[in-house]
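Structures are listed in the sections that come next.
In what comes next, chain A is part of two complexes: it sits with chain B in the first one and with chain C in the second one.
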Partner chain A sequence: MRGDARRDTAFILIAGVVLIFFMPLLIDTHVLTLLIAYGMLALSLGLIWGFGGVLCFGQAAFFGLGAYTFAVAGINLGESTLPVILAVLVPAVFALALGAMMFYGRLGDVYLAVITLVVTLILFRWINSTAGPEYTIGVARLGGFNGIPGFPILNVPGRPELMIWGETLYYVAAVSLLVVFLLVTWLLRSSFGRIAVGIRENEERVSLLGFDIRARKTILFAIGAAIAGLAGALYATWAEVVTPTLFSLQQSAEIIIWCIVGGLGTRFGPILGAAALAYLKFALGQQAIIDNMFVLGLVLVLFVLFLPRGLAPELARGWHWLAGSRRRPARRRRAPRAEVSDG
Partner chain B sequence: MDLAAVILVEVLYAIASLALISAGLAVVFGMMKVINLAHGEFMVLGGYATITAVGLGVNIFIAMLIVAPLVVGLFGLIVERLIFRHLYGRMIDTMLASWGLSLMMIGAFKMIFGNTTTGVSGPIPGFSIGNYQINGYNFFIIIVSVLLLVAMLAVLRGTRAGLVARGAMQRADMASAMGHSPDRIYMLTFAVGSALSGLAGAVLAPLVGLVPTAGAAFIAKAFITVIAGGPSLVAGLASASGFFGLVNQFFSFLVSPVVGDVALLVAAVILLRLLPRGITSRFFRGKL
Partner chain C sequence: MAETVLETEGLTMRFGGVVAVDNVSLKLKARELRCLIGPNGAGKSTCFKCLCGLLTPTDGRVFLRGEETTGWEPHQIAALGVGIKMQVSSVMDGLSVHENIWMAARRFNDTQAARRKADEVIERLALGPIARTELGRLAHGERQRVELGIVMAADPWLVLLDEPAAGMTADEVARMGEVIREMTRSAAVVIVEHDMQFIRSLASTVTVFHRGRVLMEDHVDRVMSDPVVRDVYLGKRA
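Let's look at the complex of A and B:
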């Protein structure tokens, strides 16, 4: 088991480093940085939904909260090291409170989805209505639907005058995605992650085994929110402006679509889905014949109907078929069940 | 005194429009357990159908009360056959597929009608109570939604079709054993639910300017009203829209319409925390 883990980590590291240096040859680094922020956001939902079974319709709320925290704290502090930490902590604390309310109330799947949706809407409405000069946090004006421009972007820790942008920002973002990916991998290998998967498979059984489901779900929810917050901070420093559309329903919808298209229950799938669809949207945005929402909607409907497991499992199957080994996929399919029974 | 009358009308109007917005969803989600996130777009489609029909010279009341429900009902029938038929019993998947449908419809509206506000003017003139001006159309909406609730109650309780539909939703296998076809019942129920959404969208169209993305404004309110209503269809609709309408108008008058909306959503979250199965799981039990 331990050898397996070490080999997995090594493989991720090598593949990650190769990708980091290879991708700029194909796509402009400016676009890639955005794709990375979206990929991290998708990974956050992929973790709590794909492995924890918690379908959150409001992942955009944490993303937006992270971005706004980064901007507001940046304006107040004049540098951006502490704001990045805050951008991770504020959504996590918010998610802890929200999650505690929901999970300790033992709300079902659907109610959970609706409440997270409603909370996102509340934030969206509220931020949109803060256009007046009286809405300030410290010296930062919230700016309503115009958002907040002109906050300090990412800088080298302790050196506010050394800004990180352009190509450097791409490498910083890529490395942080790699680190987050490794942390998620480690989390899923730990007993916490394995029990989370167990809860997804059969909540009642795990609870009868004596695990506190409510606390575990709340913590997993908060971890997802922390990752989404970091993605928000990355997005904010990339876009150099934050607007209420970060909280919008469409943003939430897109995150869910990324996960579905990429493949739930995989770590790489959501990132792949986010990058592919965000790039598709970017490409579609340059033509005016077909509205890109129409295409996104069509993609989602077709995937739900015909490919509900997403791209990643199919790609993995294709890969194993190419490599000529039929043994591994068969073992993979049995693996989740084994994890439940020993959890 | 005049102010009190105006406020009363406003509150009644808020309650009525909530009930109207939620009626179609109550059938599709409350009865069939299909989480139709395209509900708002179904309503917008009803609005566009009305506007198009009026543009072609149809009387506005015929357009609102007959053309729009027919068009949206037919549309509902088609998407039920194409998409939702395959997803019954898979709640989360219906939610995702209908979200995709909703995005597609928004995109289609943008391509067909353009990304601008279109509207029709209200057919009923306003009048004044004392110093205050009241929109006469508000009364029309109140009357329509009361009639709608009464009609739903009558159909579900009083007719054989309502009985068969309710039975098939509870135990499809039993209904099938009694010689009914659940597949057809589901299809027709979905079409009726869609028609109700179309009616709501059409009736509200003169009040709100229609933009392709207007559906998003309805969807959250409709869902929380239906969910907060709980298992009984009509009693749940009436009680939940009554409660939320009051909360909304109270804070709208006290502070501002935006705060009224936010208060509605906050009230919904608190209510669901206290009564996770909805109002009618504790009160009015066993009613329809």
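Let's look at the complex of A and C:
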């Protein structure tokens, strides 16, 4: 088991590093950075939904909270190291409170989806209505529907004058995604992760084994929010502006679609789904013939109908099939030789 | 005198106007085997759910090893060392047999010890060939056996089983009986059951429920020959 874990980690590291250096040859690093932020956001939902069975319709709320926290804290502090940490902590604490309310209140899955959706809507509405000068946090004006521009972008820790942007930002973002991916992998291998999957499979049974599922789901929910918050901070430093649309329903719906298309119950699937669909959206954004949302909807319908398990599991199967068809003839060739030596 | 591990005091459960369990007082000693029987709707399953925390009784109290557990959450009761198997097969379908049993053992052991414990239980229940198979792919009898494994893996001192023999073949029922007798070496076992032959083979004390009340409590042979019991329960079956 432990050998497995080490081989997994090594594989992820190698594949990750190869991708980090290979992808810029195909796609501009500026676009890639956005895809990474979205990929991390999708991974956060993929973790709590695909492995924990918690369908959250408001993952965008944590994404937006992370982005806004990064912006507001940045303006107040004049640097970005502490804001990044806060961008992770604030959504996590918010999710801890919201999750405790939902899971200790024994809400069913449907109500959980509705509440997370409503919380996102409330945040969206509220942030939209903060245009007046009286809405400030410290010296940062929330700016209503205009959002917050001009906050300090990511800098080298302790050196506010050394800012990270452009190609450097791409590498920082890519490495942080790789680190988060490894942490998620480790989490899923731990007892906590394995029991979380048990809760997904059968909540009542796991509670009858003596595990407090309310506490476990709340913690998992908060971990998902922390990852979404980090993705939000990445997005904010990339976009250099945060606006209420981060909290929008469309954003929330897109995250869910990314997960379904990429493959639920896998770690790589949601990232792949997010990157592929966000890139598709970006490419379609450069023409005006077909509507973006129409294509996104079409892709979702096609996947649900023909590849309900998503991209990643099908790719894995294709890979195994390829690897298998290369190996099988070798085995056949070896077999007669064994017979000869037996005789 | 063995210690009392399970005691209920005037346990009552009402659903609206229906009194499902009416003033039931049970007492169970350590390592005792007890079957709860009764016709459908007699209240034995409701009583069972009150014991394991899935229902909070309207009235009355439940004590486990002298500690009052009335109104506790199921996970708190299970965490005391109570192994529970529900009537409807309830397992983690998408996970392997080993993972299911590991999880039960993990509650009271660290990761490595839990794995050894799971290996041991799998060996004891002869689940080796299907240890890596997903539960969802198994036949009913195999799933029941895995459920017993899940209960055993936690090393409970009290085991609550709701209809463990339902839908099993005669061979499987016989093996189930052996496993249950083995369990009584370290735990008190409460079984809710319909299968009279199975109960007879266990030769234990039986509590007969009728309309939410305890009608009679005695050794299975004497219960079987009692005319009142025959009338309310066995007579109706024929």
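Definition applied: the second predicted complex is superposed on the first by the 324 of 343 C-alpha atoms of A that agree within 3 Å, B and C clash if a C-alpha of one lies under 4 Å from a C-alpha of the other, contacts with A are read in each partner's own complex, and residues count from 1 in each chain.
One rule holds for everything that comes next: contacts are C-beta pairs under 8 Å (C-beta built on N, C-alpha and C of every residue); 3 or more make two chains touch, one makes a residue touch a chain.
Nothing here was measured: the structure is a model prediction, and the numbers come from that model.
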| item | value |
| --- | --- |
| Partner chain(s) touched by A:N202 [first = chain B, second = chain C, both, neither] | second |
| Partner chain in contact with A:N292 - chain B first, chain C second, else both or neither | first |
| First (chain B), second (chain C), both or neither touched by A:E79 | neither |
| Chain A: partner with more touched residues, chain B or chain C | B |
| Which of chain B and chain C A:L55 touches, first, second, both or neither | first |
| First (chain B), second (chain C), both or neither touched by A:D8 | neither |
| Contact set on chain A toward chain C in their complex | 1, 191, 194-195, 197-198, 200-202, 204-213 |
| Chain A - residues contacting chain B, complex | 55, 101, 105-111, 113-115, 117-119, 121-122, 125-126, 129, 249-250, 253, 256-257, 260, 290-301, 304-305, 308 |
| Residues on chain B engaged by chain A in the complex (per definition of touch) | 35, 83, 86-87, 91-93, 95-97, 99-108, 110-111, 216, 220, 223-224, 227, 258, 261-262, 265-266, 268-269, 272-273, 276 |
| Complex interface listing, chain C residues touching chain A | 52, 54, 73-76, 78-80, 84, 86, 90-95, 99-100, 102-104, 106-108, 111, 114-115, 150, 154 |
